[in-house]
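Some structures to go through are shown next.
Across the two complexes that follow, subunit A remains constant while its partner is subunit B and subsequently subunit C.
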Partner chain A sequence: MTALTQYAALGRRAVINTIRRPTAVVPSLLFPLLFLALSSAAFDRTTTIPGFPPVESFLQFVVATTVIQGALFGAVAAGADMATDIEDGFFERLLASPAPRGSILVGRVTGAAALGFFQGILYFAITILFGLTVEGGVVAVLLVAVTAATVAAGIGSIAVAFALRTGSAEAVQGAFPMLFAGLFVSSAFFPRDLMSGWFKTVATFNPMSHMIEGLRHQVIAGLSASRFLVALAVAGGIFLVGFTMAGRALAGRLAERA
Partner chain B sequence: MVGHSVSSRRITWAIASRSLMLIPRVLSTFIPSLVMPVFLTIAMAGAFSGLVLLPAFPAEKALDWFIPMTTVQGAAFAGITTGMGLARDLDSGFYDRLLLSPATRGALLAGPIVASVLRATIPLTLLVVIAVVSGATFHAGAATVVTLALASFGIALVAGAWSVGLALRFKTQQVAPLMQTGVFLAIFLSTAQMPLEYLTGWLHAVARVNPMTNVLALAREGFLGEITWDGTWPGLVSLAAMAALTLLFAARQMRRVIP
Partner chain C sequence: MTQSEGRPIVAEALVRRFGSIEAVRGIDLEVRSGEIFGFLGPNGAGKSTTVRMLTTLLKPTAGRARVAGYDVVADADAVRRSIGVALQDAAIDPLMTGRELLRLQAVLHGIPKEEGRHRGERLLETVGLTAAADRRVGTYSGGMRRRLDLALSLIHEPQVLFLDEPTTGLDPTSRAALWNEVRTLNREGGTTVFLTTQYMEEADRLAGRIAIIDDGRIVAEGTPAELKARVGEPALRVALPADADALAAEAALLQFGEPIPDAPGHVAVRLAGGASRVAAVARALEEAGVEVAGLELRTPNLDDVFLQATGHRLEGAENPSLEDAEAK
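Here is the complex of A and B:
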């Protein structure tokens, strides 16, 4: 077995592992959709507040946020699965095998990225059925899904790092809401122009605001390469930080074992 | 019989105490349940501060609208973490030893549910302090906290019974997302985000019949105006009904569980 096939096999296992557990995959898939349905019905009348960007509906305003949210949920499942592998001893068996150490990490992260991408496409397919208009068309959908996959890989890496540090699926699941902190203190759910005070300042400095706004622009206004590149750069930054953290956590765990 | 009932109480208290002792020992599982409601308060009151620009919005500040909801949510988290702890005990086999002991099933069930309610005092205290510090409006003075506490403890009991029931049903920590989903659904399919008159379509229809709408009205009563019996009793009745249903579910799972 070549290193590449080992990487692919562990990535495939990560995806199958997640899909086969309805208790993990169903909330990860449905929760963001539920939030979307909820916020669309709850905040639709707020689009009439002066200063709200021109949109057809709150659904159109918030759909890009939902795709990123879905990627985050799926990514946390990657961390929880890693912790389960540690708890049930599979991780130790992997270490005892000749598989490259990096494949343990890359497999999980690739799995998270693949799920993030397909979840993004699925969310758009469903919301289009419910009347969503994507001004940037199919290309915009793909751009948002690619960014979601990158974010999923980054946040998945952070979740895996947490799993490697704690070795507890419960701790990973318990910590998952914290991963949404960056999204909440941003313009993911409401326009920055309607915020005030220190919160608006924080949201302006939060890179997540710029990522979401870049993706949102593709949906509500049409394609814009510069705005997409800003969004992708933020997602790439999250990935770099997360993957470095996961690499260090794996090295730390291996050092403790040795 | 008297000796039996005293023994059951002691077992209940011992299990509840153990659950409370686990807070500092497994801090990584409890901290998110404490930090999350605080964070949501700041995030929602900040992000949605523009909501008060809507005509006839019932709160003076977005904080007054959101802090009772996040406090109730914090109490619900307290219940969920108790259920997650039970699922861990079931996973590790520790709970099997309890099931094989002479302790009554009722006492084993009551322990984590009592712990859920006691755990809820931590987020409640923290969020009341935050409400005071950040200038929330206490229209009804100290009574504002009383109705908030009633709603919080009630929801902690409901979420605790729900999560414990699920833990006993599935006997694995993997059920944690399902525990969270149920509670999130109950809270957000109500007036958690916006007043009933601003909700549109299906959400308006669901929130109108969701008992959580009454519970949130109870929690918010003193933050939005004076406390009245007419504004209080629907919340209390809703809590009683939800508690009865979830306790029944948990008791049913407890009867079925096999070590």
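Here is the complex of A and C:
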């Protein structure tokens, strides 16, 4: 019980770290929304191209991508915050306490997941105000938000691993634009059936495509357990890889003290 | 009772190497229960490295240490449960409020919620931060942060408190206020305090016993009075005008006691016979034709102890205006 309370307290601190820092929260929250607004306006007519899945609007097609994009942004902040803790010495304060070493990691990742979840809900709330219809209803919104939380925990873990290895917030922030490149070479913004050549091959092998398509299905076509499980499996895989990396990085940093 | 026979901190031949650099070179220490122990030395002497080993943040390369009765390597968790730590380089999250940080610290120490809240409020009152408790720490002054740091290190009522240069960077008034809090804590709570400092006056006024560290080794240890008594007679310092003959001054002073190395433009001597010999010194200088800009008689302080033990002065030891600040 004590360990759980410690994880929760450190998770709460991680959330506070992000939401009280406008330079972290504003880009993380606004950039995906801005991209959503621009792409919805610019590409709305593409939904009439033969082969495009049946959707009400490009907004409906792309909203799941926006949720994941927001989760990725927020997760990178988790790594930057961990690096700041190391640079400033707050990490030392945590190590000097009797709390389990793992709580430092779990707390930070829990915070990233919580932010990813609530940010996802917020994006849906805003887009519904602008006319979005979610075919899968409230359950679909929750499924997408849960997946976003899992992705945020996974990418947050990778960012935290990077922070623990480098100890530099700048290095963390500098390394993660690659992540967004990964999102672009997927079916996040366009259906795979309308792609061709090497881009289609890359997008097909990109697990992000399968995750986004699984989530998108809940929004544009209605609930599908099998499609959701594919999306959750990809997110879970990212989490497992990321958390393992972060655990090793923490062990490595602690070993430096030996 | 887990403390080793009234000695909550015991270090034996403690060594820490970073690659080829030996930062701590075989330190032996014994701190008695309920005392304020001063660990005095210049920057880079090995103070913080020693504290980091004693607080389990760094493993010793060789030697061993027990804190609150537990081995710092084998029983690190038990040590961490028993100690409070306010590290010089451990930041306080500027985005959180003082009250939030105290609650977080209570949770990290496994203190039940209501008990943690109660202790936090009491500590906020003790360190005079109740009014600022809901402000973000980023808005606090340096003195307020250090007081909050002290409160954070006390939330679990530790047996032993480590304060690593707690007043570095503080103005004299804040420094004096923190000293009072540490004294009160030690006197009323009986907490054993291990205090590192580069300020000789801080060690002199706060600590019951002092160890002086230089270049990774303890070069002197004892009560402030014992250490100063070892130096012996007071020092007489003569300030010379720019064109004065320093060699003639040194020669004139030689008959009055052992010369002491000093800054350019000054000559100094350990004055055998004490203050009663000052007039004779003045006459001797006049007879030698040495012009004098000033004379200063100084009873031994910890800087003199440091000088005697190491052959050089304690850099950054000057700490002016503290008497005024303490009087406020």
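Side notes on the structure shown:
Everything that follows uses one rule, which is that the second predicted complex is superposed on the first by the 257 of 258 C-alpha atoms of A that agree within 3 Å, B and C clash if a C-alpha of one lies under 4 Å from a C-alpha of the other, contacts with A are read in each partner's own complex, and residues count from 1 in each chain.
Simple rule for what comes next: a contact is a pair of C-beta atoms (placed from the backbone, for glycine too) under 8 Å apart; a residue touches a chain by one contact, two chains touch by 3 or more.
Source: prediction; values computed, not measured.
Superposition of the two complexes onto subunit A shows subunit B and subunit C fitting side by side, with no clash.
By the document's definition of touching, of the two partners only subunit B reaches A:F190; subunit C does not. Using the contact criterion defined above for the overlaid structures, shared-chain residue A:T2 touches subunit C, although it does not reach subunit B. Contacts of A:A41 after superposition on the shared chain: subunit B is touched, whereas subunit C is not. Set against each other, subunit B and subunit C touch different numbers of residues in subunit A, with B touching more. In the superposed model, A:I128 lies in contact with neither subunit B nor subunit C.
Using the contact criterion defined above for the overlaid structures, shared-chain residue A:A171 touches subunit B, although it does not reach subunit C. Once chain A of one complex is fitted onto chain A of the other, the partner contacts of A:V241 are absent, as it touches neither subunit B nor subunit C.
Within the superposed three-chain model, A:E92 lies in touch with subunit C and out of touch with subunit B [touch as defined at top]. Once the two complexes are overlaid on the shared chain, A:L229 sits clear of subunit B and of subunit C alike. Once both structures are fitted onto chain A, a short way to say it is that subunit B and subunit C open up an angle of 80° at subunit A, using Cα centres and rounding to the nearest 10. Taking the two complexes aligned on chain A, the least Cα distance separating subunit B from subunit C is 12 Å. Taken together, the two complexes place residues 21 of subunit A in contact with subunit B and also with subunit C. Note for the complex: subunit A touches subunit B at residues 21, 23-24, 26-28, 30-31, 34-35, 37-39, 41-46, 49-51, 80, 84, 166, 168-171, 173-178, 181, 184-185, 187, 189-190, 194-199, 202-203. Residues of subunit C touching subunit A in their complex: 55-59, 77, 80-81, 85, 87, 89-93, 95-96, 100, 103-105, 107-110, 113, 136, 152.
Residue ranges of subunit B in contact with subunit A, taken from their complex: 26, 28-33, 35-36, 39-40, 42-44, 46-51, 53-54, 81, 84, 87-88, 170, 173-178, 180-181, 184-185, 188-189, 193-194, 198-204.
Listing the residues of subunit A that touch subunit C in their complex gives 2, 5-6, 9-10, 13, 16-17, 20-21, 88-90, 92-99, 103, 257-258.
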